[in-house]
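Letters are used for the chains, namely A, B, C, D, E and F, taken in the order the chains are written, and counting of residues starts over at 1 for each.
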Amino acid sequence: MVLDTGATAWVLISAALVLMMVPAVGLFYGGMVRKKNVISTMMLSFVALALGIVQWIIIGYSLAFGGDVGGVIGWSLDYIGLSGIPLDGVTNGIPDILFVCFQMMFACLALAILTSGIAGRVKMSSYILFGLLWLTLVYAPLAHWAWGGGWAAQLGALDFAGGTVVHISSGFAALALALVIGKRIGYGKQTFAPHNIPMTLIGGMFLVVGWFGFNAGSALAANELAASAFLVTAAAAATGALTWMALSWINGKPNSLGFISGAIAGLVGITPAAGYVNVIGALLIGVITSMVCYTALRWRIKKGIDESLDAWAIHGMGGFAGAILTGVFAVSAICGVGGLIEGNLQQFGIQVLDAVIAVVYSFGVTFILGWVINKTMGLRVSEDEEYIGMDLVQHGEQQA
Amino acid sequence: MVLDTGATAWVLISAALVLMMVPAVGLFYGGMVRKKNVISTMMLSFVALALGIVQWIIIGYSLAFGGDVGGVIGWSLDYIGLSGIPLDGVTNGIPDILFVCFQMMFACLALAILTSGIAGRVKMSSYILFGLLWLTLVYAPLAHWAWGGGWAAQLGALDFAGGTVVHISSGFAALALALVIGKRIGYGKQTFAPHNIPMTLIGGMFLVVGWFGFNAGSALAANELAASAFLVTAAAAATGALTWMALSWINGKPNSLGFISGAIAGLVGITPAAGYVNVIGALLIGVITSMVCYTALRWRIKKGIDESLDAWAIHGMGGFAGAILTGVFAVSAICGVGGLIEGNLQQFGIQVLDAVIAVVYSFGVTFILGWVINKTMGLRVSEDEEYIGMDLVQHGEQQA
Amino acid sequence: MVLDTGATAWVLISAALVLMMVPAVGLFYGGMVRKKNVISTMMLSFVALALGIVQWIIIGYSLAFGGDVGGVIGWSLDYIGLSGIPLDGVTNGIPDILFVCFQMMFACLALAILTSGIAGRVKMSSYILFGLLWLTLVYAPLAHWAWGGGWAAQLGALDFAGGTVVHISSGFAALALALVIGKRIGYGKQTFAPHNIPMTLIGGMFLVVGWFGFNAGSALAANELAASAFLVTAAAAATGALTWMALSWINGKPNSLGFISGAIAGLVGITPAAGYVNVIGALLIGVITSMVCYTALRWRIKKGIDESLDAWAIHGMGGFAGAILTGVFAVSAICGVGGLIEGNLQQFGIQVLDAVIAVVYSFGVTFILGWVINKTMGLRVSEDEEYIGMDLVQHGEQQA
Amino acid sequence: MKMIMAVIRPEKVDDVLNALEQNNIPGVTITEVLGRGEQGGICLQYRAGKMQVKTLPKTKLEIVVPDKDVENLIKVIREHARTGKKGDGRIFVLPIEAAAWVRTDDYITG
Amino acid sequence: MKMIMAVIRPEKVDDVLNALEQNNIPGVTITEVLGRGEQGGICLQYRAGKMQVKTLPKTKLEIVVPDKDVENLIKVIREHARTGKKGDGRIFVLPIEAAAWVRTDDYITG
Amino acid sequence: MKMIMAVIRPEKVDDVLNALEQNNIPGVTITEVLGRGEQGGICLQYRAGKMQVKTLPKTKLEIVVPDKDVENLIKVIREHARTGKKGDGRIFVLPIEAAAWVRTDDYITG
């Protein structure tokens, strides 16, 4: 097949943008923890990048995009170590190897997001083992279902850039892990004030920027579809941010963490829909997803669940909302399939089914995996170590 | 028209780069204010991004790029909400929707820049209202005049990437607003030392990086013109920075804020000229604009005007200098029109006229707009609140 | 020749990414110095960017890529000031002017890296003079040898993205300069703890992101080769990081500075090889280079050499290892030339020779240059000034 | 008057501050500090080097009160800052000879 | 000797420092602190949560002077740190028993 | 008991801390401060403005010890913090009336 250099250029830079999001998650989270845990929290994301790359090369790509086995998983022996992917292979205008790279970054990002549930208390060694297994047992199957020819793809479920694969998976995994590992000492009794809000805003800034590679890059082409995905991504981010700001204003003050959380909520919501909806749909998806996530976050706090950095509320519930809203606002003029507003009840049903199964699978398998690791090697540092702080105890480093 | 995937890829990433500049302005400004106002100052830029996107979708694009009405404004009903822009519309090789996105970011950026004049004292609610009106009454007309087929375009005024539209407009608007809102309490009597210079340098770094999307992206193509714009942008940034460094060295020490300010001055100066001058012209534009801005900044300080973060001195006066210098250094071999050095007095005159009218319009309308809002809902927080700091008072947040 | 807009788009953004790396070096270094030197350390990199751009335009490009003079240097009068480069010149699908820009950023980056050896004690004025001369006497010849048709290119030495030109050159220059300028006061007796590790991690994050422009951009095309370079770059970064983490874990704790240093070591190692090896080779190059750099760093500390921020250990020795490993792992199916593993002893020999000569040349000329400047105008601030800190003394600024 | 200088866990500060307020002792000056008590050393490590560091982040409260309030103040701090583990902190009592206001010309001694 | 511990508005520090110097009182140690006086509480809020915080950034000056300079020192601080609004700050006087130099072996008491 | 308040060079802190430990004086509270002694002023400059600033980063150590240890403590600090140049710092001795623990109910006076 003939190479499209423009598409290749766009997917190359998009892959770099998504790569950038992985440490950006670390920055975003790092500003919200206490000072004694900032380095450790950043490291969880940095390590996710390294682990994800190695896992993807060795086995992840094969499981996700290898030949379909019964709709549930992929498998191609010659994808192991990427040995069998020809250097000059080209599909739909972009090099096969580039597709591998682009998809690789999504896996890394999902792992980084879920560290929200364990920040400030997880043992590094257990995290590394967990990370490798989670990518293999949870992420790879979900990627296969949606994009590798698995059952969801066969059913016609729509997930443009990974609302289900990346956000539901990581968000609900964060919740499961948070329940397994338990609350931070003193949670609910002491203050856990963010130690550096500007750091979180900077992290959020790069998440937002990277997201345009994430969504518009998922067009895998530099064309009208990519441009449309770009536009709707901006639209949903804007209304998501403004909606959260309005909600927090009504309940107090329009705080900046809320604003940036709302922007991310809007971005999560538009992720599965970015190639299927028009700008009006996007504006509404931003508003609705932001409201859903805001409500989820307040509910989590009220319940006293220490899913510490709200990956569940924002990525998990936002991804869930987005998956379903894709089934509402899809425009057949754009993608050939209409949503509920065009009267397509079936697509709506498929979206709900896909989202629910992803929730159950990710939460369930993560919970079991976390539980087993917790029982065997232990997920958590000792109480003394937690008091002293993860930076010193795990990394021998300190932020003055 | 046929799509050029390379051009599309380049404009896609350029749009993301310009988007990145908007929060980068917040970082840049945030480091220069006192610690009690850092979150608030960043938020002014973050909010500008969200407001700008929504305003542009709903009405801004129509006003700027709709059918010309008497040379002063655009209007196309089917551009409202972008409903009438066909998904598959392509002009000069790039999707129409992508052009909308790219231009959208310029509007957001202009609004972010002007917050220089009100940082540390503006009420968030008044800022939101002001922002929406300013984009509608000031930015959109200026964009129309230069790029939407308005009188300036008809006259042949040159503004490659927005020296007039973005920098004169925002810089003089900052000055007008600063005069309306008044000085910060204690200005001239107390110290207003920047609380975090590395933060400002980081912000500056991303402004510089983003500017290559801003200027070279304005070629709206991935070709020799884009490459040339890239080169002259680098050249002017470098000489701008070195010139300011030299000037501040002569008068004291070569401080880093001066260096980065000079870089930005050079970038502002080359903005209108980026597609029209050669590298020698660019080196000179960097030097001259930096000197102009340096002088303007010192004058502002001497006059005791609290245009707090110097958008006027750098963007306003730099944009003014750049617009005129474009009329000096334009090379007909590059763009078909020569400047003063090629003896083209007429073009020079057009440039001066265009710049002067932009100054008067932006300053005047912004002043009136600010004055009306100030008289009705009030632009400014109370004295007590200003003492406590905007972060706590407006956002309920605090940087330790 | 016909322009390839996709390739042009990719090289445009790659040039911007490499540009971003230059201040990112400043951030990376800035976090590792003491608080009183952070602004100054960042400034060394920022100034490198401005100096490099001006030097490259005026004379650097001519020396590196002008007509070959005896294999040792380039020279084309009409490249001085870039005057003779036609705006519409296109080679291999990209504008000639874009090639100038892309290469320009490499020169700036090399200068920024070498400031590792003089941070916290160098006089700004001497640094500026040194920088201009170093770019002219050391960098430009090395670039010419490898890429401008010099002896190394004629011999067939492989250096895809600058392992020799950028990393060996700057790393060994840092060592030479550190020896000339001498240790910081109290080195070995007092603590020199990094004052802001998150800042270094953020700098590292942008170095990693930018490296994809550096390596994959060096394909000078948006094609399978660029994609392959992207993949192997990610692979080596990941194993480099994980290897260093493992080594530091064995010897204590898996610290974050080690992790990011390992990532950079892996990236340095893959730099010369990025267009010649497959993913398995890349994984191994990451592991081996990281081990080499880790050992070099420990050796440096043991020897009490104050090459303060380890450009020598990581860039110098990493570049050396990478150059040789390119001769080991090159795959003829990818680049037409096999390495040692394919039994090609000759290529291996060429690589060793090329690396050794680069080491000797860069170290030697830099040492002499530094020595002369030190004897004449003095490289170093006074002891009192060093105590007070470079930020205050050189720049009149302070990080609270 | 006395100045109570208490060095406590950062996590306990809010608790203590609330308790102080409820006990009508609003005035307090708070400083982030690093502290070392009897606890053992921790080893820091940068890149490949190593160094011993033995200080941990603590928060210092300085509270000026009339002599009669000292006892109760110490009780309140103990109640709300104690976890029972090493690192809970110390309280010192310093004499204050006079106190003045900046806003007014009030000046009290003893 | 006495140590004057003054907690003032950050904005007023430079003013006060200049005034001190003109009064031949150069020595001073400055700390960034958070403080709470009689002023009411402010509500912090993160994402969607809420918490009461009542401390504001202040700057603490510690100045050791001979007994005879105390009165004048307080006068100077008041003059340059006062705005007349809540939050202007407090000044405390502590006894100092001895002062030593690190650079030399000088040691003075009283 | 006395509180020794020493303001020293940041670079010398680790040295001093190690020495203190070897002298069985582990307890210490450390604060980053800005200080001004007799040294002349330095001129700060932002963008194109100018301002005089005369403070440099220092580190403050607060160490509470029994009266008998004061002399030795000062000796140790001097030994390890001295460079012989301006800016080495100052040491002040303050009286402490009582010391308490947060973890236990221990309370000692004098």
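One rule holds in what follows: a residue touches a chain if its C-beta (ideal position, glycine included) is under 8 Å from a C-beta of that chain, and two chains touch if they have at least 3 such contacts.
Model, not experiment: these values are computed from the prediction.
Undergrad: Using the touch definition from the top, list the chains contacting both chain B and chain C.
TA: For chain B paired with chain C, the chains in contact with each are A, F, in label order.
Undergrad: Out of B-E and C-D, which chain pair has the most contact pairs?
TA: Higher C-beta contact count between the two pairs: B-E.
Undergrad: Please decide if copies chain D and chain F contact each other with the same set of residue positions, more than half shared, or with different positions, and reply same or different.
TA: different
Undergrad: Taking each chain's centre as the mean of its CA atoms, how far is chain A from chain B in angstrom?
TA: Distance between chain centres: 34 Å.
Undergrad: Rounded to a whole Å, what is the gap between the Cα centroids of chain D and chain E?
TA: Result: the chain centres lie 17 Å from each other.
Undergrad: Taking each chain's centre as the mean of its CA atoms, how far is chain A from chain F in angstrom?
TA: Chain centres of chain A and chain F, defined by C-alpha means, are spaced 48 Å apart.
Undergrad: Could you please state the distance in Å, as a whole number, between where the Cα atoms of chain A are centred and where those of chain D are centred?
TA: 42
Undergrad: Going by the touch rule set out above, which residues of chain C reach two or more other chains?
TA: As it turns out, chain C has residues touching two or more other chains at 4-7, 9-10, 13, 35, 191, 193, 202, 222, 252-253, 255, 257, 395-398, 400.
Undergrad: Considering chain F alone, which of its residues make contact with at least two other chains?
TA: Expected reply: 14, 31-32, 43-46, 50-51, 53, 83, 85, 94-95.
Undergrad: Using the contact rule from the top, write out all pairs of chains that touch.
TA: So, checking each combination of chains, I get A-B, A-C, A-D, A-E, B-C, B-E, B-F, C-D, C-F, D-E, D-F, E-F as the touching pairs.
Undergrad: Touching chain F in the complex: which residues of chain D?
TA: Chain D residues touching chain F: 2, 5-8, 31-38, 51-55, 58, 60, 74, 77-78, 81-86, 88-95.
Undergrad: Can you name the residues of chain B that touch chain C in the complex?
TA: Against chain C, the touching part of chain B is residues 4-7, 9-10, 13, 17, 35, 93, 195-198, 201-202, 205, 208-209, 212-213, 216, 221-224, 226-228, 230-231, 234-235, 237-239, 241-242, 245, 252-257, 259-260, 263, 279-280, 283, 333-334.
Undergrad: Which of the residues in chain F come into contact with chain B in the complex?
TA: So the residues of chain F in touch with chain B come to 43-51.
Undergrad: So in the complex, the part of chain D that touches chain E is made up of which residues?
TA: 1, 3, 14, 17-18, 21, 26-31, 62, 64, 94-103, 105, 107
Undergrad: Touching residues of chain C toward chain B in the complex: what are they?
TA: 3-10, 12-13, 15-16, 19-20, 23-24, 26-27, 30, 38-39, 42-43, 46-47, 49-51, 53-54, 57, 81-83, 87-90, 94-95, 97-98, 100-101, 104, 124, 199, 202, 222, 394-400
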